[in-house]
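Structure first, then comments.
All chains are identified by letter, namely A, B and C, in their written order; residue positions are counted from 1 within each chain.
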Amino acid sequence: MAFIDRGNGLNFQGAHILSINQFEKQDVTRVFDVADQMQPYALRKKVTRVLEGAILGNMFFEASTRTRVSFGSAFNLLGGEVRETAGFESSALVKGESLQDTARVLSGFSDVICMRHPDEGSVAEFATASRVPVMNGGDGANEHPTQALLDLYTIRKELAATGRDIDGLTIAMVGDLRHGRTVHSLCKLLCLYDNVKVVLVSPKELLLPAELIEAMRSSGIAVQTSEDLAPSIADVDIVYSTRIQEERFGSKQEADLYRGRFRLNQAIYTEFCQPNTVIMHPLPRDSRADANELDNDLNNNPNLAIFRQTDNGVLVRMALFALVLGVVDTVDKYSHDIRWFNARA
Amino acid sequence: MAFIDRGNGLNFQGAHILSINQFEKQDVTRVFDVADQMQPYALRKKVTRVLEGAILGNMFFEASTRTRVSFGSAFNLLGGEVRETAGFESSALVKGESLQDTARVLSGFSDVICMRHPDEGSVAEFATASRVPVMNGGDGANEHPTQALLDLYTIRKELAATGRDIDGLTIAMVGDLRHGRTVHSLCKLLCLYDNVKVVLVSPKELLLPAELIEAMRSSGIAVQTSEDLAPSIADVDIVYSTRIQEERFGSKQEADLYRGRFRLNQAIYTEFCQPNTVIMHPLPRDSRADANELDNDLNNNPNLAIFRQTDNGVLVRMALFALVLGVVDTVDKYSHDIRWFNARA
Amino acid sequence: MAFIDRGNGLNFQGAHILSINQFEKQDVTRVFDVADQMQPYALRKKVTRVLEGAILGNMFFEASTRTRVSFGSAFNLLGGEVRETAGFESSALVKGESLQDTARVLSGFSDVICMRHPDEGSVAEFATASRVPVMNGGDGANEHPTQALLDLYTIRKELAATGRDIDGLTIAMVGDLRHGRTVHSLCKLLCLYDNVKVVLVSPKELLLPAELIEAMRSSGIAVQTSEDLAPSIADVDIVYSTRIQEERFGSKQEADLYRGRFRLNQAIYTEFCQPNTVIMHPLPRDSRADANELDNDLNNNPNLAIFRQTDNGVLVRMALFALVLGVVDTVDKYSHDIRWFNARA
């Protein structure tokens, strides 16, 4: 199931990207190296037309502006076109059409499909009948592999700035660890690396599932758990914060008990964190005053990497498209300088 | 009203495509020949940029993922851009704007418009005020000309594989023949051909409208009617199955009376059909167990043409765009090889 | 805040377009001159690829087919790609995400953003955190600067046809002047010009806000008010009509009192207007019989400019994109002839 065939070279071409379980360490490294290669295009130093004439079917059967636009822009940045659905027209599915029928039809309209769907397993089922590669843009509580990859890619880049590596990483994961799809996927990816330490900071009700803790320990990760933020983030490279929805608690009293205990702000950061500790979050971040997340007073902290995460998402998605469509080595061949004023430069 | 001017050559350029009544036999042949020519582009053997810079206004004032995306992809495959509306923003129409005003405005934004609208006659009314060619993507129960054309194009291709032709065709149409817009349009198109036999298989309540039967007979088609599927499909080239919605029957008892009598599965096919009988359906197909349609056990039957129909839809729509915008002879001139790994090949 | 730096040349590059208050007279003139230059591309005489590879983020957090498609088509006409949201997926905003966070994320996906949002001031707030130029596509009752610019551009073009100019203009504004965002913005723009006369024709309840009247008078505009259409339009260059929604009146009796008094039709035009008086409207126009607006019997009047207004909107938006992205001088360099049959020519 791994992408890189140890016998005869790279093997991403034509593959579906459905689950992070498909990735071995060298596959991840390959994606990240290609993502690095995409940087000049994402930063608008250059334009490539390598996918000129190719069509992405961006099929979001559940609304998600940022993930949908990120996939679409990544494809445009490689020179391709995007046809899409934004979550409100699943009429054929409502009329009893099977996912396989939908896949057989839609895969006649494009060269690669990105799909989001509210049902777990739906994207994999869809892929069985698709004639073109399918990328999982999120299937309910199950998988969102590009989010996990962009998170780990961000970790790699942030640590590289100070000479560190994913091997040897210490990371605190904070918030609702029970329901957070992105945290679960990131934990699985971390199992591929050596000398990793994970500190799980959450209310008792919102612990990481036991089988995930077990899987991490089996793969050699040192796992600690905690109910208190401040002492848990003293010696970590990364604080990965997630949303806690109030309604996850058993009662208002229960919620009040934890109120503010998982919220990171600049004062706590200054008092407890190392100077280079990187702050991450899968976004969106709840900016309302009573949210249990990241305070806006962190916005000027140079280690706040939350927007670099979404920027990196474009690079990782470009890399996956380039690998699956086999254009990694020809991206530069079909490139030219940009012709407009680049406000971002 | 026919597209081909017998005096001085082809005459599709700049025409609206509103109704299959506009088509004479040689017009249909012309569209199908051009559709054949589009095959290398749809199969991703080549890329054409002939419509580079052209804009399709894909105005779906009623949701329809597959038809909308099929039109959009067809335009992209010719090198053009697509701007669109997906059915949820008809605010201006709600504020009392006339269809003519809408047309006058929207036709300033694109080079050709495809329009779907829930009201019968709306697309033709819109076209009267449009400054660019308009294609009917479906106007309520009235017309859906590209569906009828893709159905007949599929018939032509499927029969050609065994040396047969549309002239001389025997076809069984099955299901709700009273309300099925696609069946009505296909019947009209068949009137253009010679030695055609049509077997109409439906419950009494859901007979094909009498005036359509009359029109077919007047044009020389041999028409039979039946309430039983099995004996009716013994000697036909094509079985064209359509959805029967339970609520079309007068009562639950009435529906029960017919249950399963119009459902085609592999066992019935094997027992009653000729070996090369082609199975068609306008899709979506209801795959739930109690649906009165095509069984999933037909999926491995090589004569199941239902997904080739939707693939052919892209070819027919490409052909119509190429004809209306006058680029049939220059499509190849602006082409180049594809630059990515074609998973479909 | 003005766009043209008197010291060292043009200064639109990389600027946000948020409010007509940003424009001085020479800025407006510059936009209009560039809009004139865009004409061959909008009329499909030529195709330009100058923005090939550039991405517009067309973020409509409130539905608006015509404005959204106008911006998107303008960008396509310059060779760029469009990624968009059409008003139904503001899920992240609902989850408490700040506009600054949204801006920081979305500005990573495109080279320029056009945004519509129901809240006043939202687009300006969004712009503070965006890393790419932002254009205001309408923020509630506050601003819609491209509409005001296209209206004034239309006035310039219509008057130029008979040798007149914006300086010296006499214009009647008719209808709901209290709530009409487009009228307010146009009034502000007119303050930049000399020898302008404005006749305000509205029910007492729907007068133009006093501070706007005051601002016009301070800048030298001669302002009159009236409750009667016919005598007010005898000596004007332009009649700018707007919608009066019945529910704006205090009561049905009040509405009945004014019924028909602000509706312009051909008979009134012939009796009261000068032969070259130009008729404008921001559209959509309510074409139902009891609407207080422009009658359909004006449709053949050559001075009805309402559809030229929306056509001009594409030119003005192309001009703004070209100015902000710094491609005014290179649009022609990357152009070629169109390759398809131009039905509009």
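Basically, contacts are C-beta pairs under 8 Å (C-beta built on N, C-alpha and C of every residue); 3 or more make two chains touch, one makes a residue touch a chain.
Quick caveat: nothing in here was measured; it's all calculated off a predicted structure.
Mostly differing positions are employed by chain A and chain B in their mutual contact, as under half of the interface residue numbers are shared between these two copies. Overlaying the C-alpha trace of chain B on that of chain C calls for a turn of 120°, given as a multiple of 5.
Averaged Cα coordinates give chain A a centre that lies 40 Å from the centre of chain B. Chain B has residues 81, 86, 88 in contact with two or more other chains. For chain A in complex with chain B, the touching residues are 13-14, 50-55, 57, 81, 83, 85-86, 88-92, 95-98, 100-102, 104-106, 108-112, 131-133, 324-327, 330, 334.
Against chain A, the residues of chain B that register as touching in their complex are 44, 47-49, 63-66, 69-70, 72-73, 76-77, 79, 81-82, 86-88, 243, 283-288, 291, 296, 299, 307, 310-311, 314, 338-344.
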